[in-house]
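Worksheet: one structure, shown below.
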Amino acid sequence: MLEKVLVANRGEIAVRILRTCRELGLRTVAVYSDVDRSALHVRYADESYLIGPAPPRESYLSITRLIETAKRSGANAIHPGYGFLAENADFARACREAGLIFIGPRPEVIELMGDKIAARQVMQAAGIPVAPGTASGLDDAELEAAAQRIGYPLLVKAAAGGGGKGMRIVHSAADLLSAIAAARHEAEAAFGDGTIYLERIIEGARHIEFQILGDHYGNIIHLGDRECSIQRRYQKLVEESPAIALDDALRQEMGQVAVQVAKEVGYTNAGTVEFLLDAQGNFYFMEVNTRLQVEHCVTEAVTGVDLVKEQLRIAAGRRLSLRQEDVRMRGWAIECRITAEDPYNNFRPSLGRIVGLYEPSGPGVRVDSGVHEGFEISPYYDSLIGKLVAWGETRGEAILRMRRALEEYRIIGIKTTIPFHQELMNSTRFIGGQFDTTFAEESFVLVEEKLEEHLKIAAIAATLLAHHRRNQARSTITPAGQRRASNWKMFGRWRMLRR
Amino acid sequence: MLEKVLVANRGEIAVRILRTCRELGLRTVAVYSDVDRSALHVRYADESYLIGPAPPRESYLSITRLIETAKRSGANAIHPGYGFLAENADFARACREAGLIFIGPRPEVIELMGDKIAARQVMQAAGIPVAPGTASGLDDAELEAAAQRIGYPLLVKAAAGGGGKGMRIVHSAADLLSAIAAARHEAEAAFGDGTIYLERIIEGARHIEFQILGDHYGNIIHLGDRECSIQRRYQKLVEESPAIALDDALRQEMGQVAVQVAKEVGYTNAGTVEFLLDAQGNFYFMEVNTRLQVEHCVTEAVTGVDLVKEQLRIAAGRRLSLRQEDVRMRGWAIECRITAEDPYNNFRPSLGRIVGLYEPSGPGVRVDSGVHEGFEISPYYDSLIGKLVAWGETRGEAILRMRRALEEYRIIGIKTTIPFHQELMNSTRFIGGQFDTTFAEESFVLVEEKLEEHLKIAAIAATLLAHHRRNQARSTITPAGQRRASNWKMFGRWRMLRR
Amino acid sequence: MRYVTTIEDKTFVIEIKEGEIIVDGQAHAVDMRRIEPLSLYSLLIDNLSHETFIEEREGKYCVVLQGKLYTVQVQEERAWQQTVPPLTPLVAGGEISIKSPLPGLVLEVLVTAGQAVRAGEALLVLESMKMRTDLSSPYDGVVQEVHVAAHDQVTQGRTLVTIST
Amino acid sequence: MRYVTTIEDKTFVIEIKEGEIIVDGQAHAVDMRRIEPLSLYSLLIDNLSHETFIEEREGKYCVVLQGKLYTVQVQEERAWQQTVPPLTPLVAGGEISIKSPLPGLVLEVLVTAGQAVRAGEALLVLESMKMRTDLSSPYDGVVQEVHVAAHDQVTQGRTLVTIST
């Protein structure tokens, strides 16, 4: 039985997990690094423990400290969130050995799915379509021969890969060997494992994934599809559910394959099966993410299922409460990842203090936020500030609602990707659903335009403020007790002018 | 065609309407009184016009100023929200005469439904069940005879009534005539119309209502039921959809009657048919509210329909996009009205400035807020600060989510009803659905308990702050440019103590 | 540094040392931070996480914890020993002013000068924010004067009725 | 009171009178309020509603409007007439320091001292918040010195490379 859950994460996902724990009446433990002392998740949990300095390796990635903190606080379960140790089989194993419930799949499954080549082979053997490619352990001559068979352009990928590291696109045979060498080197540096393989590039591919849930009694279902083709440098920016590219027949077929994938490895808890879908409707298994996804919220919005609640139930040894036929998708949901990056400046990270924050709400809008007014964006962690989810009866309504919510969102003090999302929600190709995984990066250039009208408004605002300050400085002492600021009015209203 | 909509209201409902207008790409006009210059709705609209001083009669209730402002701003439609002029037939008529689209039913329907006796008679004639009672215009002797027939206890009600004014409960024949005289006097003072009638009290009654929508082509549907039995002084505090007291058969029957009620008067736009339901499952027509309800959000949560969007579509002359069979309710939604009142002190209004505000979000939670940090609660308007809506797959999940959201909600500077709602969400009678319209007022007493443990925590907090200030005052000048406040740490962490 | 801290009817002796805090002899690990720009504080006491809002008013601290307001007085131990306050009971024969707790409209006046009233008895009815509020006498006594009439608009703090006890 | 207000490459002459404001000869009705406690302002210009965040920094106003940042200089007209600034073009033969825009880790150094670079050419790669950022030369020139090496942790503002033009 779950009683007290330690959330081994930070930011919006830690808060999101703590929320559901609180709903279920579970006691909660947060952990934090030096720079996160005032963060939302620290304040939100019942108990909070410092686990080390800011660099992740010394805090959020320290298996020893996390297990030790769980023990000390009396937690009997750990939720890893996403990122950090979420897909680290050693961590899952260490939890098991320490007698703690790891809220995720078994370490063996994490390990198998973490090896991209092994995962490909398992699925291929089970008759699940994978993109044409090679096995691992080939020498350069074998790779050259295989490349000829696969055809160019192709991808060199790291077996232990993730986040685009150790990945290279090769356009012709002449570049193959140097790309292989570079990828090996990068993979070795990043993962301590230089194993690479080759894979055909699926042209015009869309990224489609299925949410799966499995209990400890062999029951596995999927909770529908998501599309995550809006990406930049292999980072998802916008996700939606359902995927516009699927018709009902294809959705059903892919869903069945996703469940089959999960069954092949005896999957438990929540996970995601990722596919590439080409323009002709062929789909290829890519990988399984053995954790909660950032974009799980869009699935929650259309299915009504609280995925963290299901994770906790499954980890507590309960049977799935849903059968496949109970899962019904309703309407459409879109998520925009709001990050501290400057979309006008090549998405350069934007550090600094959030001095003003207003988050949207109202019908069909959900914000999962990891920041607060006064929060300092630090360079140590990823740049996600919050996730904005809009739900609508139709995709069109969801887009309109997203536009409205983006307009309401105010984050002052740092640059964010809000203008990118605004532009995207206005683009005809996005609205029309005409995009693939290269769209955001290759076809979508954001130009900062400063409207003449806005220059005038900004000039007026600054001049009024300067005038006010000048008069304030010159005036004698303001009568005490007079609450000047709230009635801070500078000029007469229309009645004075027009009547 | 709608192009530019003036919202003749303030607070959360003005913002809520503006949100949907913005989603639909309509231009918006807000109006405000002197004290509302900095309010959310003023900042949210495209244009904002001052319409007078704080007292409603000189601003939000001034038909002349509203029409004039619509004209001046070029608005071609007016949305009245709820309260203020929303059920004022003269206002609807003035809009029509000025060539403006009034977003609501025809003035004739507003008028007819505003006369509670006339509405009863129409429905009675159509075979719709109403609580046993009298017609109007009876003299005292006739009333005494009628009272004998109806039986005690009974209600004396004002024909033009609303909000409990001109209403008296009479327990025996001896008190009847004095109660009639008092009610007449009160109704005369409040509505300028002293007409009263008698009605049987339905013992143990629950307040059940149905949301209806009608277009200009005779199509009328309902969007399911709501229960609003948690009341105090005839003011609703908590609403939910669906109603726990209805089974499917009764829900269907009452829904059909609600649609019939609307058809009897050729209802257009959004409205609500209110019933009383007794413990035996008998229901009685009470009245029709010819406007959007405060609690419309729970219906939106379970049906997925944006009611303001439907209102705007209907007003623009479009046909209903939904047929009755398209309306499907999913899960359960509960709304808590958060008001600036002190639940420990007989719900006395609490005025003042909101100096801290944190509103909940996350899965299944919606906040429709009418305030912001720095907002001054004024005595001129009603005390509603915001509406908190929680949705869940089941009623149980919705309650747990509501508890979680209430715990997150922070409103500092004034008293609010949050503690009342927290207590209610923990009460076994509410959780078990065992309540009627008298429950909140008669059986639910809130006792302020200050836990010993909390006294100690508060004492520690205050002492640390005092100590910090004392040391600050004694220290020499702090080095410039050092951001002291954000690293405002008072004491060593556990490592210092335990290692 | 030792403090004597009074809250409601409880008194705590709190000693603050480098790196620890001792409350009535019991040691705790404490870490408190302000969440700018608000007067909001995050407080960890032995790793238990609390959030509190604190404002100083007239030398006292108003602490909001879990939605409830506590008024806390903090004194240095030495200072406190010199200023133990005498109990101040209500002096019989005194005069009490009943003031308006809110701006609003006087709906009804229920008493007249010279009338005897009991503790808890309603004196008049105010309307504010569209709601009726009864104002009651805090003590048994006799109405000395009624300063307002029905339909008067009153400001907060305005004296409405005086009562002698 | 007349002001000369400069924003980007535009200059406005703004006159503030009792009850009206005249911008380049055009009159507007204006009402501006601060939304405390933030430096947030609600501005109505001829009833059109705008929200803006304003901070003063080193004598200039940083105005955020619809998510975009504008730097605005406001001068009283008389003062302005005395201080029209001369144009300051980049002097050829000068030396430019390329500083780190962020704290982070140097991933790769792509140039060496003595090497000629063109405007826009990448000089080195930084990693911050798990992202790679290329730093490029703003001008054509020659690398004078490289102050960092791969795997160095750098603070914001640290000089990374100097270039002579």
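Chains: A, B, C and D, in written order; residue numbering restarts at 1 for each.
Going forward, a contact is a pair of C-beta atoms (placed from the backbone, for glycine too) under 8 Å apart; a residue touches a chain by one contact, two chains touch by 3 or more.
These figures come from a predicted structure and were not determined experimentally.
Taking each chain's centre as the mean of its C-alpha atoms, which one ends up farthest from the centre of chain A?
Measuring from the centre of chain A, the most distant chain centre belongs to C.
For the chain pairs A-C and B-C, which is connected through the larger number of C-beta pairs in contact?
The greater number of contacts lies at B-C.
Which integer distance in Å separates the CA centroid of chain B from that of chain C?
Chain centres of chain B and chain C, defined by C-alpha means, are spaced 31 Å apart.
I'd like to verify one number: the distance from the centre of chain C to the centre of chain D, where each centre is the average of its C-alpha atoms, in whole angstrom.
50
Measure off the straight-line distance from the CA centroid of chain A to the CA centroid of chain B, and report it in whole Å.
That gives a centre separation of 37 Å.
What whole-number Å value describes the gap between the mean CA coordinates of chain A and chain C?
Averaging C-alpha atoms per chain gives centres 48 Å apart.
Using the touch definition from the top, which residues of chain C touch two or more other chains?
Residues 31, 33, 36-38, 47, 51 of chain C touch two or more partner chains.
Pull out every residue in chain B that's touching 2 or more other chains.
37-38, 44, 49, 355, 372, 374, 486, 489, 493-494
How about chain C: which of its residues touch chain B in the complex?
For chain C paired with chain B, touching residues are 1, 3, 5, 7-8, 10, 12, 14, 16, 18-21, 23, 27-34, 36, 38-41, 43, 45-47, 50-56, 61, 63-68, 70, 72, 74, 76, 101-104, 128-131, 133-134, 156.
What part of chain B is in contact with chain C in the complex they form?
233, 340-341, 346-349, 351, 355-356, 379-383, 410, 412, 416, 418-419, 422, 448, 450, 452, 454-467, 469-470, 485-486, 488-494, 496-498
Which bits of chain B are touching chain D when the two form their complex?
Interface residues on the chain B side: 30, 37-38, 42-49, 73, 355, 372-374.
Touching residues of chain D toward chain B in the complex: what are they?
My answer: residues 31, 33, 35-38, 42, 44, 47-49, 51.
How about chain B: which of its residues touch chain A in the complex?
Against chain A, the touching part of chain B is residues 15-16, 19-20, 22-25, 37-38, 44, 49-50, 297, 300, 304-306, 308, 330-331, 353, 358-359, 361-369, 372, 374, 376, 391, 393, 397, 400-401, 403-404, 407-408, 486, 489, 493-495.
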